Structures are given as C-alpha cells and as structure tokens.
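Letters A, B, C, D and E mark the chains as written, and numbering starts fresh at 1 in each.
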Amino acid sequence: MDFTISTVAPIVLLPFLAFAINAFIVKRFTTLGVILSCASILGSFFYASRIFFHFLNVYNTDYVIHKTFTWFDLSYGEFPFKLDMGIYIDNMTATMLFMVTGVATLIHIFSTYYMKDDKRYGRFFVYLSLFTSAMLALVVSENLLSVFIFWELMGFCSYSLIGFYYEKEGAGNANIKAFMTTRVGDVFFLFGILAIWSVVGSVSFVDIYAALGAGKFNGLYALGIPLATLAGASIFMGTVGKSAQFPLQVWLPDAMWGPTPCSALIHAATMVAAGVYLSLRCYPLMEAGHLTYVIATIGGITAFGAATIALVQTDIKAVLAYSTISQLGYMVLGVGVGSYNAAFMHLITHAVFKACLFLSAGSVIHSLHDHHTHAHVQEMPRMGGLKDKMPFTFLAMLCCTLAIAGIPFFSGFVSKDRILGDALLMALHNKWYWIPTVLGFGGALLTAFYMFRMMFLTFFGEPRDKDLYDHTKKETLSWNRNVPLLILSVFTLGVFYAGSLSGQGIVKVAHEKYEWFQTLIAKPHVETFTAKAPQAFGWTDEGSMTVSEKSHYDPDHGLSEEEAHHVHHVHHIGALVSIVIAFSGVFIAFMMYITRKWNPGFWVSLFSGWYRALQNKYYFDDFYIKGLIQKGLIPLNNLLAFIDMGIYDRYAVDGWEKVNRAMFTMAKWFDNIIVDTVAVDGTGASVRFFNVILRTIQSGKIQFYFIMIILVLTGYIWTLNI
Amino acid sequence: MISLPSYLFLSFALFIAGIAVMVARKNIIAIMLGIELILNSAALNFAAYTRFANDNIDGHLMSLFIIVIAAAEAAVGLAIVIRFFQIKETIHIDDAAQLQN
Amino acid sequence: MSPSVNEYVNQFEIHQKLVAMVSDFLGFDASGLMAFLVFAVTAFAIVNVMALIGGLGTYAERKISADIQLRQGPNRVGPYGILQFLADGVKMIMKETIYPAQADRALFNLAPVLALLGVFATLAVVPFSSGFTLANLNVGVFYLIGVGSLVGVAVFLGGYAANSKWSMLGGMRGASQIISYEVPVTITTLSIVLLAGGLSFGHFVENQGGFPHEWFIFHNPFTFIGFFVFFVGMLAETNRAPFDLPEAESELVSGYHTEYTGMRFGLFALAEYIEVFVLCGVAVAAFLGGYKVPFDLGNGVIFVEKLGLPAIIGKNIGQVLQLGSFVTKTLALYYVVIWVRWTFPRIRVDQVMTICWKYLTPIALFNLIGVVFWMYAFDNQSLWEILSHLGGGSHGGHH
Amino acid sequence: MFNDTFFLLSAGLTLAGALGVVFTKNLMHACVMLLGTLFGVAGLYACIGADFLAASQLVIYAGGVVILMLFAVMLTGGSSDQANKFGIEKIAGMGNTKTYIFAGVSVAVISLTLLKIMAGYMKTFEQGELPPLTSTVEEIGTLLVTDHVLAFEISSILLLGALVGAAAIARPRKG
Amino acid sequence: MTSYTLDVYMPVIILMAFAIGLVLISVFVAQILRPFKPNALKEQAYECGEEPVGTAWSNFNVRFYVVSLIFIVFDVEGALMFPVASIYRKFVEIGEGAVLVGSLLVFISVLVVGIVYCWAKGDLDWVRSFQLSDEQINQLKGIEEKA
C-alpha cells in the first residue's frame, strides 16, 4: 500500500466536510446532520485503521510516511523562505490516529443517546466534527506551524463546546477561562516556533531533528539562555497550557460545564492529548535543552497535586476532571524521565479508559433526573446504591476504575507502572529525581483511593437520596448507549497493549519478550546531542543520556547483559511497589466507604486546613484572579496606560509645566512617606497612591497599541540581531 | 536605475510614510490611508523580489492577493467607520475606545 | 498580433535608413529617440483628431438633434454652421474663470485635468488599425478599464471641489453611476476575453474577421445580448442620455460642472466626447470586428503580390482600408449614441440603479456563464461555423 | 533611456504622493495624493514587467478603493472642520504636535531598524542577468487555476464575506 | 512567449503629457485673453438665486457607499477572473477546459450569491419601498379633500 497525501487526507477531510455541510443544514435537517457527522467519523475511522494496520504489517520502528507539498516558496539565493505543508506519519501517529478516530466514533455514537433531547442537538455535532477534524489534522501535521494552526482551531472548538450551554453563567465564564488560560501557553508556543525558525529556517519536525543532530543549536544564546532551552521550554509551555499542567491546570475542571460527551472528547482523545503529543514530538528538543528534570518535576507535582484535590470533590465529573489532570501529570512525568513510549502508551490507555469513565458518568448523570429542579444530578452525595439500577454501566465503570487505579491485568497498570519504573530508575541514578518519583508513587496511591471512593459512593451502599433513587428507571440496554461502553471497557484490558504483535497477520508471537508498544514506538532518531552545558542541580549529561536512552527494551540497540538485568530489576521493584500501593488505596477506600470502619470525617477534621485548601483547589483560582490579574495585570495595564496617557499625551504637550507639577507631586509623595507614614503603612499608602493615579488614567487607544507593537517588533529585531 | 536597491528604498519610503500617517493622524479614514500605503509597500516588495531575485512569478500572485485583501479590508473597514460615525457622530480615533477599562 | 505603430514603421526600409542616418549624425544609437518621435507625432495626430472629433461631435449632436426634432440647428457660422464648434471654443477661451468663494481651489483645478488624463491615456490602446495602434499592451482592455476609472474620480472631485449643492449631488450621482455601470461592462468584456484568449486589443481583433458573421457579436447568442449590455453600460458610463442623471438640467441645474466656467468646462466636455468615441471604438474592437476588412484586404498582401505595388504603398493602402473600416463603424455607433440621446426620455435615478443592478449585471453574469459553456460545448466554434458544418460547410469559416 | 525616465517619473509620483499624504492636513487632498501614489506604484510595477499587477493596481486601487475612500469621506461629514449639532468636532483632527512628535520618533526608530536590515541585504546582494520582460497574464492565469486554485477560490469567498459583512454593517437603518 | 521592452509604455506617458500640456496651454491662453474681475456675488455658489446656506460638504446617504461596496467587490473579482479568462480558450483547445469551467463556475457562483444576498436585503433598491401608516394615509386624504 502506498500512502500519499490524498489517501491520508480523507481522515481529516471527512469530519471537516461533515462540519462544513452540517453547519448549514443543521437548523432544518438535524437528524440528517447527525447521521452525516457519525458517518463521516466512521469513514475517517476506516481510513485510519487502514493506516494503522499497514504500519503494524510493516512493523518497523523507522518506517515513516513523510509527504510534503510546498505551500509557498519565496526564497531566493541563500535566503530560504519556504514553507511546506504535509503529513508526517510514523508509528506513533498511526496509533494516535487509530485511537482518536476510534474513541471519537464511540463518543459520536454515545452523543446520539446523550444529547437526543437537547435543544441544540444538531449544533453539538457540528462542533464535534470540527473538533475531531482539527485534532486529526494536528496529529498528521508535518511541521510546528500547522500544528499551531490546528491547535488554535481546537482551542476555539473547546471554547464553543465548554460554553455550549451559554445561557448558564458558569459555562460562559468557564469557556472564557479555558480559552484565556490555554492562550497563555499558546503565546509561548508561538514564540518557540519563532525561535526554532530563526535557527533552523524551517519548522518541519524532520528538519528540526536534523538540525539538532547537526548541532545547529550549539552555542546559540538568547538573553543568556541556550536557544535550545528557550525553544524547548516555550514549546513545553504550550503543552502546559493545553494539557493542563501545573501551574495552568485551572481551566480543565471548569471545562465540566460542557456536555458530558464533549468532556469525554476533550479529556480523553483530543485536546489534552494534543499537548502531550506535542511534547513527545518535540522530545529531542527538550532533551537537548536540558529540560527533562523540569518537565519531570512539573509532571510529578501535577500528578500528585491534582490527585489530592480529587480526594475531596463531590461532583462525579469533577473527580474525573482532576483524575485527568493527574494522569496527564503522569504522562508528562514519563516524558521527563525519558520514558518515551511508556508516556505515549499511557496517553493511549488513558484515552480509552477515561473516555469510558466519562461516558459511564454521563450515563449515570443522564439517568438521574431531579423532578423538582428538572436538572440532571451530578453530586455524589445524592447517589449511592446505583449498581442495582444500572448494572451494565456499573460494570463498564468498574473496568475503567480498575484500569486507572493500576490494578494488574488492566491497561492502566501496564503503562503507569512503566512510567513509574523508569522514574525509579532515574531516581536511583540521580537523587534529585526522587522528588517527582515519590510524588508519582504518592499520586498512584491517591488515585486508587479516590477512584474507588467515587465508585463506592456512586454505586454501593444505601441510596442517600431516596426520592431520586426511586424515580430512576432501571437501565435498559440501548445500542447507542451500551455499545460504546462495552467496546471501550473491553479495551481497558492490558492485553491489548502489552501483547506482542508483529509480522504478517496482526498478532504473531515474534518478539516474545517484547510488547508491541515497546518495539514499535521509538524516540525520533537524532544522531547526537552535542550540548554539554551542565544541567541544574549538578546533573551532567553523559550519564543521563545513556541510561535514559537505553532504558527502553530496545532489542536492536542492546544493553549490556548487566545493564539489562539492572533495568529489569528496578522495573520489577517498581511494579511490585505500585501493585502494593494500588491495593492499599483500594483497601483504604473500602474501609472508609463500604465498611465504614474508618470515618472520613475524622480525617477531615484532623487535616481541616488541608481540607479547606483542597476544596479551594489550592487557591489557584484565587491566586490567578486576585493575585495575578488584579495585582499584576491590571496594574501593568494601568502602567501601560500611564505611559500612554501620562507620558505620551501629557509631557509631550506642555512638558515643562507638567514636569514641574510631577516634581512637586513627587516631592509631596516623598514628604508624606518620609515624614508621616514610613513605619506605619508605607506599603499600603504607596499601593493606594499608585492605584489612585493609575486607575484614573485608562487606555483604549488603538494607536498606542500600534506604537507598542512597533516597538516590540523593532526590539525583537534588534535583540535577535537578524 | 531599475534595480533591487531602488525598489527596496521606494518600498521602504512607502512603509515609513504609512507608519507616519498611522501614528500622526487621529482620523480613522486617514489612518486607513496609511494602511493602504503600508500594504502597497509590501506588495511592491514582493513584485521587486520576483523580478530581481526569483525565477517564478509566485510573488506576483502574492502581490495580487495583497491588493485583493487590501480592497476587502478597505471595504469592511470603511463600513465600520461609517457605522461608527452614524452612532457616535465622530471619526476621531480616540473616541473609539470602548475597550478601555 | 498587431504591432504598435513604431514596430510597424520600423519594417520599412526607408525608416530604417532614416534611423541609421540620424544615428550617424548624432553619434549614438537613435532608435529610442526615433521611437519617441514616431510615438509623439502619432499621439499628436491622434489627440488633434480626437479634439476635432470632440468638437465636431458637439456640432453633429446639435445638427442631428435638430434633424430629429425637425429644426434647423446651427447654420450661421460657416457652411451649414460647421464652424460652430470653433466659435464655441473661442467663446469658452474668452470666458472668465470663476472660482466659487468656498471652493477647494486645488481640487477644482485638478478635476478636469484628471478627466482629460484618464481619457487621453485610454487612447493609447485603441486599435485604429493593425499598424496604427499606439501601444498594444498585453493587458490592453484591463488597462483601459483601470485608467478609465479616473473619469469617475474626476467627476466626483469636480462635484466636490465646487462646494455647491447642485455640484455635489451631481458628483455623487455621477460617480456612483459610473462605477455601477462599470460592473456589467467589465463582465461583458470578460466574456469577450474568453473568446479572444487574451487581454490585448490585438487578440480581440485578430480573432475576428472582416465579415459580420466572423464578428464576436454574432459568435453566439450570448455575445449578441452582451453587445447590448455593453452598449447600455457604455452610455451610462459616459453620462450620455438617457443616463445623464448627473447633469440633468431639470433636476440638478448642470450637475457636477455647474460651477465650472470657461475652458475648464470645455475640458470636461471634451473629455466626455472623446470618451464616447473611445468607448465606441472599444465596442467596435470587441464586438464588431474592429479594423478588419473583408477578404483580408487589410494586411496589404494582395496589393503587393497580385497588383505588384511596392511594399510600402501596398501595406499602407491596407492600413488605410483598416482605418476606414474602424472609423466607419465607430462613427456609426457614435451616431447611434446621439440618436438614442434625442429619442429616449431621461430615466429616473432609481431606475438607473435598477437597470444596472437588477437587469444588466445578472444578464451579464448569465452571458458570461453562457459563453463559458458555449466554448466548452462547441470547442470554441462560432455559431456560423457550427451551422456551416451542419450544412455540409463548403463555404465555412477560415479558422 | 526611456526606462529610466519612466522609472523616475513613477518613483517621483510615488514619493510625492506619499509625502503629500503624510503632510497634507486636508483629508480629501490626502485621498487624491494617495491616488497619485497608487498610480506611481502602478508605474513601478510596469517598470519591472509586472504588467498585470500594474493594471490590477489601477483597476482595484485607483478605480475602486480611492472612490470608496472618497465616498466614505463624504459620508462622514466632508472635510470641513466644523462642529455638528451635538457640539462634537465633526471631522477629527489630522493630528497635533504631540502626535507628530510620536510619529517622528516611531519613524526614526523603524527607519533605523529597517535600514540596518536592508544594509545587510544590500551588501550581499549581487544583480545577475535579468531575463527579458514577457507577458505575465497567461502565467498568472495558469497559476491561479493550478497551484493557487485554493487561494483563488477562497479569495472569492473572502470577498463575499466582505460584501455581506460590510453591507450588513453599513446598511441604512430604519428610523 | 514574446518579450517586450518598456518602450510600449512610451505612448501612455506621451499621451498623459499631452493631456496635461493641453490643460496648461488652454488655461494659459485663457489667462491672457479672458477678463478676470471677481466679485463676491459672482463667487457665490449657484443655488437658483437664493443665498447659499452652509456648505455642500455634508453627510450623504449611505446608499452611495453600499453601491460602491458592491462595485469594488465585483471589480476585484473581475481582476482575478481576467487572467483566468484569458487562458480559457487555450485550455479548451488542448482539451483541458473542464478544469477551468469548474473553477470559473465556483468563482462566479460565489459572486452570484453576493449579488443575490444584496438583492434580497434590498441593498439594490435605490428608493426603499416603505409602507405608510394608516394615520399618514388619513392625513394625506385630508389634504386631498381640502384641496
């Protein structure tokens, strides 16, 4: 089979066409539009599976389909100015395509059940199609710029989906929050693209790898930082925004305002996965930029911190949201410790079981209908004992919970264990890595605990809201509700990921020792990393590279006997520890919520301060709103306004008088401060003073912004010395 | 006489003139005149490089599309200006400051 | 492909000798200088003839209107009053120039210049004959549309600068009418470009023949309609009756040149008359076979080979025939324009816009699509060719 | 000989027009100056063999955009500096001392920056043999329906959007 | 493809020079021959004998703008279609006409959508039809009866 752009394009174009047509007919022919969307994503899945099985048949780590066409070419002589567009499909992309289209198909089908009675039933599918198409385009993108384009398109789609119920104030705020927060990361991302362009002269992944191998980044510094570090960090900031990593994780829980199927799509298959996918793609750059430790730490912090917050949530979707952040933390941790394919594997397994979890939660929520408020119920304190009412949903959710908790034989165990094992390996090598590693293990414990807490609160025990329970109908099997759940829950079994496939036919015991993920997904091939600058915390390259490179069960680039043994040993320890941890988490939850031997209230009162902090999500929102925006951005805005109005308008005109007056004001200010209020409330007075001055002068002047743009651009040109 | 440096200089001059107009004027239509100048300078640059440093004429298409987009921009921009005038009875740019605060 | 006048002249030995002589005399290559001279002389001739035609146009207008209205018309100055236009010209020069007190003097002076500039610049591409064309630009008709739009600006500025209410209204009306009718005219031109396969007037004319059945107007039914769309649009673009809204005496006194006196008014009028001639010429070149003469007499080959005349004479006879063909057709159209003016009543301003946007533009678009499909379906053949093929076609076209 | 004359005429017209736009204080005059600049630029295009671009420049800019600008000036109250019935200054000022100072500063900064970049290019640039001028119309047409067909079609949609949007914005309201 | 030199633009420049020259000469001649005795009455703008009130530079109806808007869109689309149209004949001759028919049709149909929109929204009506209220009709009737 020979794949060209036109044979790959249907994967992206089918959903996009469905979107384009659907957007116009949705008002009159809702059903037709929905069928169109579902059919298109099914077709897309068909094409994606062709590619996926093609790659499985080839079964070669280095096999890549890389086709480009010139978008525009304005280069002349030695000044290259050429931009290509195209596709870049390696094993990772193929797997990703298969997963995204598959999960999206199931979510589409489930949505026909879940959104049936919604008044904007058709429009939901319009967004879903566009969203899926953007994600697929991002996955097959060949260069960073087109990644960025679809990245932003996806940002827009998530904005629309989160604010789907825009009548609700919370939804309106949540989508703005999501949009703005991810935008912070995107700005950095764009800057990273510019930095790469300035060095490589191209933004294609292949060219970037080649440039890294050729050492083009060596000895390049901007603002005293190595350019590779700057670029890698900027791109990683994009991941931080999109994949909701610490400290930009605040938007994701609020994304719950969207309909549940769209949460499943955002949290599982598309949006957040895109961030991790990007950092996997740019992994060599980050390694060359010595960013691995930072990445690992951020991942660890996110994994643990989000898990702690999830402990105290009562909204079933909120628990899942925080568990998503936590799991994303694991993926980033995996990236940080060089566990490339385990991170990717966790991305895939997580996508499957998280989609299933959300769909099950949606199924639960959809069934629980409050007859007084005419709203669906999401609060766990009002649930309980639902396993008799909806046994099928319960079973599906149980599978997924087992998977996410890291119970053996389920997919989550396979991938998370591997990440943690690699982290342990790194930690044994370098003591600083103990921090993310311990955070990771702690997070695993908490994950097992809160997920089972959720299960127990929802499905076990006595129904706590009798009225609600009685009104809930017994689950009837309907194809568009249960088939997606069934398929997804089957795929939570670890055997699909840890099995070995190869050669002709799909499953063949060729590499008995090696699981297909491990042998198929490999780091982008970069010859040498020549940057030798010392890393943070006294950590030097030479050791780290060898071990992290060799820590993969790579049959071709063989480890020495001894090293392989060491690696296996460490991994076995890690696996044992995580099994113990997972079961103890389940045990604690069991003791607390089933047998009621241990009273949760006691623990709450013991750690009341912590509890409050957790309930307020570590005060992140407060910090952003009160601290950053009110104390930081608005004064900055005021300062800029001051420069605009106070300097630009005022001093240029009748300068001397104004200067005099300003001197006088300054003198008075010093007088007041020094004579009156130095000791008493100096700080407060100065803040108030600035506020009074700056608040009165506000700017909305376009020309001032224009001048600022000019200055920034010229500044950029002068500093980068183009 | 007809050479790349002279064309670059002309385009440079147009660009500078556009910037000057955009910054110095307070009248929205006058600012749009400045924008047209800047767009012209960009299009001129494309055409000049096409002639002096390139084999294909893709640059001409680039200029053509710049001209097309400039026309669209002028149409929409001026419509907005006219509407703005109908509402506010002024086209002073500092009165278009709804974004303040 | 028809060359410009310079290349045409260059093919004669005598001119080459002259160039060599001048080069010897001056001591440098004088071909550029000679080209300049040739162009300048030709342009001077054309401009003068055009001014004459403009002047005679006023006379013809009055005479024809008188004829139509059973009056005498001018008959005092010269035989049959034919020198009337000279008398008018002298009157205009002698008249005092009045600047309205509140006028914008600079623009007031500039407006007629712009009008004249736009019209004169269009003259460069009008194909009088295959050798007697000033410039056969690659973008001929497109250039003509672009330069011609200066007239719209001039009309607007003329109305604006005087700062009189009548002028302003006339200027606004005139400008919006001119630009509106440019749309159907442009689209109709597009359908001719499709047929001609090029933008230059050389393409236009060379793809037609001397006989009416080889003209583009009879190429297919769509171009036949297109010709009338073009003609109506042309009338409106030149502010001719029945579309003379911008200068409707009964409504707007005199429209955008209410405040113009003396020679400036004269320049406006001159520009208008020349524009009518130029657009008639464009219509002839695009639809009515241009300068083509039947039996290919125009290229002079017959005179040289059959009659054995010297090349310089034979070719020039051909040129004269071509010129005659072109000018005859153009003047015939010119007559029709004047005829229309004195036959149809002026239409209302809303009807002007209705005719343009609701009739002419859709029809022009329909024609364009029709021509596209015609060419695609019948492989570029004209109606005549198809019919002659059907009828066994012994006397078919010469393509 | 003529080449240089033509170029100098066009360049002179361009520069004079641009300077006029910068320095005139009358909006209507500025529009007319812009017309001059646009004609000059069309001449410059013609000088480097971009004949179709030159004609497009004339048709779209001189025939379209300038008329649009002139109309817009008239629709927003002409160019007289007088107060309207609400006492607001009707036509906003064409700038004052402080804006001039700021314009000067920005122009100086950008000039320095651009000249720096241009100097770098100029040093390394060497002019090779220039190909003869040929008609670009057919080539542009072919490119428009082959390589750039998407841009061609999308620009029609862009223009449709501009038309619909602008008409919706500017449409006279009832009452 | 035949090449050309910049000399083809020579006549354009010459003709433009003639235009300006003609204006200058005629104005100059007129300057010598004509009388020049301005007075305030003569310089008044002509308003049928009435004293002009205010200036003519006032607001105009937005319809003018809408018309010019439609015009510019058609103008630009025309500019894009001209080069395509000029190669159509050749493409038909070599049997590749279908490609151009397709892209031209798409282009033109988008154009048609624009004009249909404007038509439907009434932008093409110079005088917008309006309905008189009953009160106004009665008023008009009253005036008629009085007369």
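Worth a mention:
By definition in this document, a contact is a pair of C-beta atoms (placed from the backbone, for glycine too) under 8 Å apart; a residue touches a chain by one contact, two chains touch by 3 or more.
The model shown is predicted, which means the values in this text are computed figures rather than measured ones.
Common neighbours of subunit A and subunit B (chains touching each): D. Any chain that touches subunit A and also touches subunit D is listed here: B. Of the two chain pairs examined here, B-E and C-E, it is C-E that is joined by more C-beta pairs in contact.
Of all chains, A has its CA centroid at the greatest distance from the CA centroid of subunit C. Chain centres here are means of the Cα atoms, and by that rule the chain farthest away from subunit D is A.
In terms of Cα centroid distance from the overall Cα mean, chain B ranks first. The mean-CA centres of subunit D and subunit E are about 19 angstrom from one another, to the nearest whole unit.
Averaged C-alpha coordinates put the centre of subunit C at 29 Å from the centre of subunit D. Note: centroid distance subunit B to subunit C, computed from Cα atoms, is 34 Å. Across the assembly, subunit E contributes 2, 4, 7, 9-10, 55, 57, 60, 62, 64-65, 68-73, 75-76, 78-80, 82-83, 85-87, 90, 111, 118 as residues in contact with two or more other chains.
Residues of subunit B in contact with two or more other chains: 19, 23, 26, 53, 58, 64, 67-68, 71-72, 74-75, 78-79, 82, 86, 93. Shared interface positions of subunit C, defined as residues touching 2 or more other chains, are 32, 35-36, 137-138, 142, 160, 172, 176, 179, 182, 198-199.
Contact between chains, using the touch rule, shows up for A-B, A-D, B-D, B-E, C-D, C-E, D-E. Of all residues in subunit E, only 62, 65, 69, 72-73, 75-76, 79-80 touch subunit B in the complex they form.
Those residues of subunit E that touch subunit D in the complex are listed here as 1-7, 9-10, 13, 55, 57-66, 68-73, 75-80, 82-87, 90, 99-100, 103, 106-107, 110-111, 113-114, 117-118, 121, 123, 128.
Residue ranges of subunit A in contact with subunit D, taken from their complex: 77-78, 648-649, 652-653, 703, 707, 710-711, 714, 717-718, 722. Against subunit D, the residues of subunit B that register as touching in their complex are 1-10, 12-17, 19-21, 23-30, 32-34, 36-37, 40, 43-44, 47-48, 50-53, 57-58, 60-61, 63-65, 67-76, 78-83, 85-86, 89-93, 95. The residues of subunit B lying in touch with subunit A in their complex are 19, 22-23, 26, 31, 46, 49, 53-54, 56, 58-59, 62, 93-94, 96-101.
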